[in-house]
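Going in written order, the chains are labelled A, B, C, D and E, and every chain counts its residues from 1.
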């Protein structure tokens, strides 16, 4: 085990800002992509079924 | 000219142009695409005298002498040594026993007068374990020849 | 020899247009002038500083100025219908496009090349550097137009042409930019610029061989 | 090779003796799509010389698309277009036909003569100044030959741009693809164009035409294609 | 010249490629791949992160900050791999005229662009403590930036056409032009940066400690799985959009 305590883990040897800034950015990017994937799918399905109703 | 002949002429023309492009690239690479010369190459007179080029190697331990902004140190590939003078601010990562690339000219006295000194610590990821300097020097030479071939 | 007749006609027409409409070459030059004269206001008038940025500013200015003339490569013809004459021709479209770009390069390239050493004076650049810069620009403008022609051809029938042209073209011009400005920088440092010039020449030839084909394919796609 | 025709031509009357007797156009199972959606499918038709083919159909039926395919400006999604010379050899659309779309295909900064000789060169037509003048004379606009296209009135522009078609006719191959040629023409010009088309047809041409206007054309043979 | 899909279908009839080149046939398969991708991504990321943070030791020279490589390097690799894949499908689409190939290209582009942003962002945060600067005009960084521009150009171009088919082919062409240019740009930048910025003495042996290497490789596979899953999801969405009206879709999306 590398870390003596959780605070040591978050501190990352004094480089917490850079490490967690990186991982945080990845998290934001992934979440944003997942949300956009989901909303795009919903919109596509909605317009698909709308089309069918108007036909 | 038939359509076929026309097309053939165009293809041949295109090939000719591409060949000329390749020839020009080769000319360029023959010119001065040497990233750096090693001390061994320099002592064997492979490096041009009086022209600007780059010298690469390790800063010899204990060789750095500072007098104000004037710095002198020796660069080695463990086989040969080239003395270097430089006046200016050295980068933070410049350390004895670490890699360095200096750009400048070689004088008749065999002293390399650097106009620019660049350093970077290596990018190995490992728990403390030092690759030997010899290994590094060979790698540096390989790298230089590789880049020449590119 | 109707290929010769056709390419000749395309070339001649471009030259006629160039002679007929002064704004076609005057506008890029004026734009070039404005870009070059704005920078000293922003960075100060210290001549050492100006020398260092001058080469880059002038080169980027020339790049942007030649991008300004991209829309007239196909867009105008598409609007008045004369693009169809070129598309319907039985001669290879790539060769016709090449003729067109050659004419535009000669016209615009000459104008920008002449302007370059004059603007170099703004930046206190020595004569040999100014001359090398002019040579660089002369080599770069055709390359930029050839690359730009692909984007111009793609965007003939698309929305948001101007910005999109820049987005598509500018990243692809980076090698030309590096070595074009690099050649002049070499001269400024008292070194030989042969390698940079050779590479610039190589890019030009490469673009000469490939870009007309890509532009022809692009034009067919966007007008189909 | 076309010079004989050009020199021998003394206006359209004189041309009749020299025309190609039976160029033909054949469409087989032609289909086109736009944006992934079919515009028309399975269009098959044979058109012989001296025939006027009227392409009919509501807006969006693909009339312009069809004409552009015939002119080689677009690719069909299926099927084939064949232009054939009198000796049954295959012709490229550009060798066989001249397309006139909605736009005039003339640059405003250039003169009428410059524009027309550019068009002729791209169409592979050997165009002498004499031919040019003759074509413009037929349309009654020979005085505009050295005027800038941008300085002409709308009617003059249309007439000057139609000269392109006559250059094609003078060169011997006579197929015209006309997309709404009567739009924005005054009645006089309409009648004149209709007469020209009639003469061309009589001389052995193929004319494919889309039109919303009911302009009477005196055609030896008439076919209709409903899209 | 332009071969139509039907013709090519006849020519290669019976081959597996063509069976799945039809969107209807690929839709369920894409769904399966997507599911596997999500599961693998989550599992591998969990293992990789555990190894990266709790098993892999501190780096001798860089300290803890090196732990950024577990996401930085995979993201940088994916940026390049996805561009190559995108250009490959674009080329396939142009040559064979298959709709699905274009859709594949489109599905990959946004994920590639996101990977480029992640690689640049994490690289910059990593560079600050190690090199002492957030941004260096180094060959790799610069070419990743240019790749990002190319992704943006590709997406902007395909969106600029109202006619989807035109947008497909136009953006495919620009993807290919970009693919030819990327190596040229890379070497130009490499030379340029060594000219004016100085080259770095590259490491001798790149012998990473095994646990570090494993953590990074596992994270790389996690990124692969994630990117495949995201692309498959986007692909399915596109099939739904573009095949609207096809009967099979009704059942598939209910």
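One rule holds in what follows: a contact is a pair of C-beta atoms (placed from the backbone, for glycine too) under 8 Å apart; a residue touches a chain by one contact, two chains touch by 3 or more.
Just so you know, these numbers come straight off a predicted model, no measurement behind them.
Interface comparison, A-E versus B-C: the pair with the greater number of contacting C-beta pairs is A-E. Note: the chain lying farthest from chain A is D, by mean C-alpha position.
Separating the CA-averaged centres of chain D and chain E is a span of 50 Å.
Computed centre separation for the pair chain A/chain E is 17 angstrom, with centres defined by C-alpha atoms. Rounded to whole angstrom, the centroid-to-centroid distance between chain B and chain E, based on C-alpha atoms, equals 33 Å. Residues of chain C found to touch two or more other chains are 199, 203, 206, 224.
In chain E, the residues touching two or more other chains are 57-58, 162, 166, 191. For chain D, the set of residues touching two or more other chains reads 75. Of all residues in chain C, those touching chain B in their complex are 1, 3, 92, 94-95, 189, 191-192, 194-196, 198-199, 201-203, 205-206, 208-209. On the chain E side of its complex with chain C, the touching residues are 146, 149-150, 152-153, 156-157, 160-162, 166, 169-170, 173-174, 177-178, 180-181, 184-185, 188-189, 191-192, 195-196.
Those residues of chain D lying in contact with chain C across their complex are 71-75, 92-95, 99, 101-110, 114-115, 117-119, 121-124, 126.
The part of chain E that touches chain A in the complex is made up of residues 53-58, 63-65, 67-68, 71-72, 75, 110-111, 114, 117-118, 121-122, 125-126, 128-129, 226, 230, 233-234, 236-238, 240-241, 244-245, 249-250, 253.
Of all the residues in chain C, the ones that touch chain D in their complex are 2, 5-6, 8-10, 12-13, 16-17, 20-21, 76-77, 79-82, 84-91, 96, 223-224.
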